[in-house]
Amino acid sequence: MASNSFGNLFKITTFGESHGIALGVVIDGCPALLPITEKEIQYELDLRAPGRNTYTTPRKEKDRAEIVSGVFEGKTTGAPITILVYNKDADSSKYEAIKTLLRPGHANYTYLEKYGIFDYRGGGRSSARETVARVAAGAVAKKFLTHYKIYPVAYVKALGGILGEAPTGTHKQISKKIYSSPIFCGDESQAKKMMKAIEKAKEEGDSLGAIIECRVLDLPMGLGDPVYEKLEANLAKAMLTLPATKGIEFGEGFHAANLKGSEHNDLFVKRNNKIKTSTNNSGGTLGGISNGMPLVFRVAFKPTSSIKLPMKTVDIKGKSKTFSLPEGSRHDPCVAIRAVPIIEAMTALVLSDAILMNRCVKI
Amino acid sequence: MASNSFGNLFKITTFGESHGIALGVVIDGCPALLPITEKEIQYELDLRAPGRNTYTTPRKEKDRAEIVSGVFEGKTTGAPITILVYNKDADSSKYEAIKTLLRPGHANYTYLEKYGIFDYRGGGRSSARETVARVAAGAVAKKFLTHYKIYPVAYVKALGGILGEAPTGTHKQISKKIYSSPIFCGDESQAKKMMKAIEKAKEEGDSLGAIIECRVLDLPMGLGDPVYEKLEANLAKAMLTLPATKGIEFGEGFHAANLKGSEHNDLFVKRNNKIKTSTNNSGGTLGGISNGMPLVFRVAFKPTSSIKLPMKTVDIKGKSKTFSLPEGSRHDPCVAIRAVPIIEAMTALVLSDAILMNRCVKI
Amino acid sequence: MASNSFGNLFKITTFGESHGIALGVVIDGCPALLPITEKEIQYELDLRAPGRNTYTTPRKEKDRAEIVSGVFEGKTTGAPITILVYNKDADSSKYEAIKTLLRPGHANYTYLEKYGIFDYRGGGRSSARETVARVAAGAVAKKFLTHYKIYPVAYVKALGGILGEAPTGTHKQISKKIYSSPIFCGDESQAKKMMKAIEKAKEEGDSLGAIIECRVLDLPMGLGDPVYEKLEANLAKAMLTLPATKGIEFGEGFHAANLKGSEHNDLFVKRNNKIKTSTNNSGGTLGGISNGMPLVFRVAFKPTSSIKLPMKTVDIKGKSKTFSLPEGSRHDPCVAIRAVPIIEAMTALVLSDAILMNRCVKI
Amino acid sequence: MASNSFGNLFKITTFGESHGIALGVVIDGCPALLPITEKEIQYELDLRAPGRNTYTTPRKEKDRAEIVSGVFEGKTTGAPITILVYNKDADSSKYEAIKTLLRPGHANYTYLEKYGIFDYRGGGRSSARETVARVAAGAVAKKFLTHYKIYPVAYVKALGGILGEAPTGTHKQISKKIYSSPIFCGDESQAKKMMKAIEKAKEEGDSLGAIIECRVLDLPMGLGDPVYEKLEANLAKAMLTLPATKGIEFGEGFHAANLKGSEHNDLFVKRNNKIKTSTNNSGGTLGGISNGMPLVFRVAFKPTSSIKLPMKTVDIKGKSKTFSLPEGSRHDPCVAIRAVPIIEAMTALVLSDAILMNRCVKI
């Protein structure tokens, strides 16, 4: 089953394994005449890169984006855009020792059962490393969105049970706050507590979960298509394809289930000569279509499955074993942090697709 | 943009408006030789039907499923299966008076902006009535799943802030508990409180939200495809295409964000000669593929947007108005209740699709 | 496998069996605000109708198009458009006697082997009657194309080995010539010979093949997408999905294989301030994209498989039998004639799709 | 518009420009556990390679297939398989001089009009060089087909108006005859005449067209899906996506239009305890589904558009010019010859897809 593509018109296909030769993406359907450079793509990859600081994995790999096709004299041509990121210095030897063990929270068991074969080196295709290809593609989508003045921003909303305030201001101000935080959290004082919690979890050989919020402030009306291509539906799918995600909610989300209609309904008002709603409990959509209010959603991430603490498990024959991370393994105490630019990327891809789809709705 | 289809191989296309001639569905890709009758489809439609009791809308319409194609001598032939449900006695006249008003929580504004035209009668294509087509299709999918001994069961988990216990037992026992409850809630004592809350909301002209949980007890391993056709991703998309949904979570869901890795990781054990996990925090999947544990997810529904209380709004020109439901309007105080069979239907469609996709993964 | 849909953005899904309740089509992706009436659809169905004269099947059925969804106050709304054509007076009893015989040139054998079940009544889903749904959908597509001043015209180019001249003039003049001919052939004198050949074949209980040519005179540049959505590729697929088709060729087609490059290359010239080619050997495309010259292609139809002459065959167990058409069977001596409006319909669908796709190629 | 993918379940996406960094393909949906090596892919690339002899272009490029993902320990894993072919020594400088000229028979004009930008170096994405990616993918598909004992064989059937006999025997014998011919023509004596014609065309600075026939001897029954995924329809689409193709026909093809039903109908007989047809005028399908007889079709290729003879043309502003191939240009006098392995590749892709689709038709 062809299952490595995402999107309808602005469509990506990703490929590559964690410890293979390279990861990459083919973007098919990006409109022609969009100026794009490797530098712009690299900028996004660097945001996602591990080893930015002590709060993410200390791996020192430097991912380099290489545009292989689809760009001519600095502009897209309408041809498929291929971006490659070569894997460097991947040391797969340490995976040999654990290749027959079922790793708690990991996909090696289900992949092996499904396919009868598993590239266990670094998690192969199931590795979160696949997301490097999404971020590269997202960089192109983000550039496309600038032509519509659309800027998705994501940030850590909660981490290890510590809740932060959403940053306010323009998208530029929000981005600045987020990207200047070592853990992509715009709430400085709460971020300090979160960082302490991470340090503690690290010491204990444990890991933490988090909630990432994403906002798109100036989303125009009309994006999203009824009935099965609703904007939320495609965003939900996009986010739940990310490793370690356990849920998504829009606007008031699960809390909406506790409200009354008279509390939850956003009332229409005229503001600055535009029709808006007085509140934004819906999170920016009505009937699956953007309504001109900010898009708001949150994604729940489980704590990193790879922890230093030993865990009970079985091997592929069902024999009891203890799983310990191989010596020298480097892992994130909280994978959700690095998910921030990835969520921006996936949001950009969904919105770019919605923009193209929206070109076809009227004669 | 073609946006009225769902699924890859077991694929549905729905059509029809709330107050049009009929609603319907074409199921394309249902395997041949499946025995199916109109009676089996009708059974599911009746579960979804409004007017079962005081806790749902009192409309007395009786939806009748008619198989128009694809079934010969009681069995599917591999040809597209079309099921029609004719609309009866739809009185559209009362919508005339409110057709220029923006309805809070409704899609008429965004549809009108997007398409430049809107079939306002009963909400047209944006109406929850579209789900009758999904339930009809879901009945066929459920029948298909019985060949794999797969039975999705959904139920009210929380309503108006009142939490219920998930029913336990076999899928048959669970179903019996759920379907014998007027509000599809298997927890009898909590259900009573929920019903009181509904009665109160009704009296106040208000509405309530709810959380529906869905379980699939005996789901075999291997369903779901990496990377962009993960089982959770397709379920998330399926659920977020439903009207009034605001979020979805799997296993521990948003709560997982508060846990440590050592708490959340499900450990592998051998039980009855099968490899299982000792806990099921993940909700039945690993790496997007079912792992042999029960599938568990929850869907958040906002309170019904249509309430009897008058609401401030504007008309399409932005002029301030008050919106009141037309006399004689009949609406659900809690739409989520009727969503129970719909969620089962959508789950059945996703799983049927996953089963077919899973036939193609090995040489 | 979902295999009853055609098109990417302007997408149809057809359903129904020859002797079932109804045939129909769901058009998903037709832009909103297109004025369309049942009368306009009926006009096209009437062109396809059998029994227009002695040269086609004498069946007197009258197909009636009914719009079930997607049109509101005379215009499309962006919602899926469903059109139903109910089957009337289908007498399936005579198929009982021949249901175990393999019919030469028919699909009952392959369907039965593939699916293990076959709706043998009138050929079920394999019947050419399915094309009534295409013509209904094509009527909507044709209407859409009028907004771009695009008018596909098809006609009999050769029949029973008798070659006709292609009609010349504007699309209106061509259409008039074609539709005033009982056999859709614009070459009056050759049409007479063709009609004689049909009468003779009929007397002999035999049937004839034909070649249908299609032209689109004022096709704008830029339709068709490289590499796998070339205009010719999608037209070729469209035509080869039609029953009884055995080939397609564009421009000089198979004859081009006998030419030299210096003979075949169309040279660019400036004419009326537009860049055109001096010849049109390519048939209106370059690199899969329309080049502003008339689109020209031809489709080969085999002679009708159902003939009155008895044929040797076997039954499903392989036992030798003689196949004779049941008494009172009414069949076309040349199915290709009725294919003329069907080819126009399929062409209109491909072009409508290409127009929408072409909206997404530039930023 | 995403238009660089082909196939439903066994799906390819190709990318890369003629003079870009590399060409490549992502194969998504190839089942796991298929043994495949770079050597096997290289074997097919070498067949397609130019410069095999005097009858094809003398370019000495040596294309090297590199597997970048999807293969682990010599077997496919179910992950997307990426194959790269780097471009070497591409000299784009000579294209500078002709970049504003409309090349007769080429796509530079239509691409430029459609996209507003064109990578003119070597034809960019419109170059026949894109087919190297198809052949690489086709090598994987061919390997997959060996598990079903399916072997497509293609050969030159006619060239420059000279007709050859189709080679007979087993697929191995046929392959041997074809691949030992410098022009992939199994009819030795006619091949000599064809080669003389090529030499003459070369001397004259001209080019020739050809017809390639493809046969699949042992195709099992049941491949192909009604109504819009008929085997012929998908083959027709596949072939018409190839550069320089002008038509396709199945079995008796266009000649069938001259036959009577009594002549054309293939009669069913029992042979070696199997149901077959006494003739194979249909070319191996009935109702779009393979019927157990050999699949037979022919593809028409126009003469190479690039010829040494100067041609009249205009530049992009419409000014009259003469087009001459740049000094040192190396071009095929008959591109159709090198299409032989490409047609085998495309056939293998269509059949692999049909095999997977056929796994989903019964419960």
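Going by the order they are written in, the chains are A, B, C and D; count residues from 1 in each one.
The rule is short, and it goes like this: a residue touches a chain if its C-beta (ideal position, glycine included) is under 8 Å from a C-beta of that chain, and two chains touch if they have at least 3 such contacts.
In this text the structure is predicted, and so the values were computed from the model without any measurement.
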Mutual neighbours - chains that touch chain A and chain B alike: C, D
Chain whose average C-alpha position is farthest from chain C's own: A
Chain pair, B-D or C-D, that carries the greater number of C-beta contacts: C-D
Inter-chain centre distance, chain B versus chain C - centres from mean C-alpha coordinates, in Å: 39
Distance between the centres, which are taken as Cα means, of chain D and chain B, whole angstrom: 46
Between chain D and chain C, distance of the C-alpha-averaged centres to the nearest whole Å: 27
Interface hub residues of chain B, defined as touching at least two other chains: 1, 3-5, 8-9, 14, 29, 32-33, 78-79, 114-116, 125, 226, 360-362
Touch-based graph of the chains, sorted into line, ring, star, complete or other: complete
Chain B to chain A touching residues, read off their complex: 1, 3-6, 8, 14, 102, 104-107, 109-111, 113-116, 125-126, 130, 158-161, 201, 206-211, 221-222, 225-230, 232-241, 243, 245-254, 256-270, 273, 275, 277, 281-283, 285-291, 300-307, 309, 311-314, 318-320, 336, 357-358, 360-362
Chain D residues touching chain A - in the complex, by the definition given at the top: 1-5, 7-11, 13-17, 20-24, 26, 28-29, 32-33, 66, 68-70, 72-73, 75, 77-82, 114-119, 124-125
In the complex with chain D, residue positions of chain B that touch it: 9, 29, 31-34, 78-79, 144, 147, 226, 356, 359-363
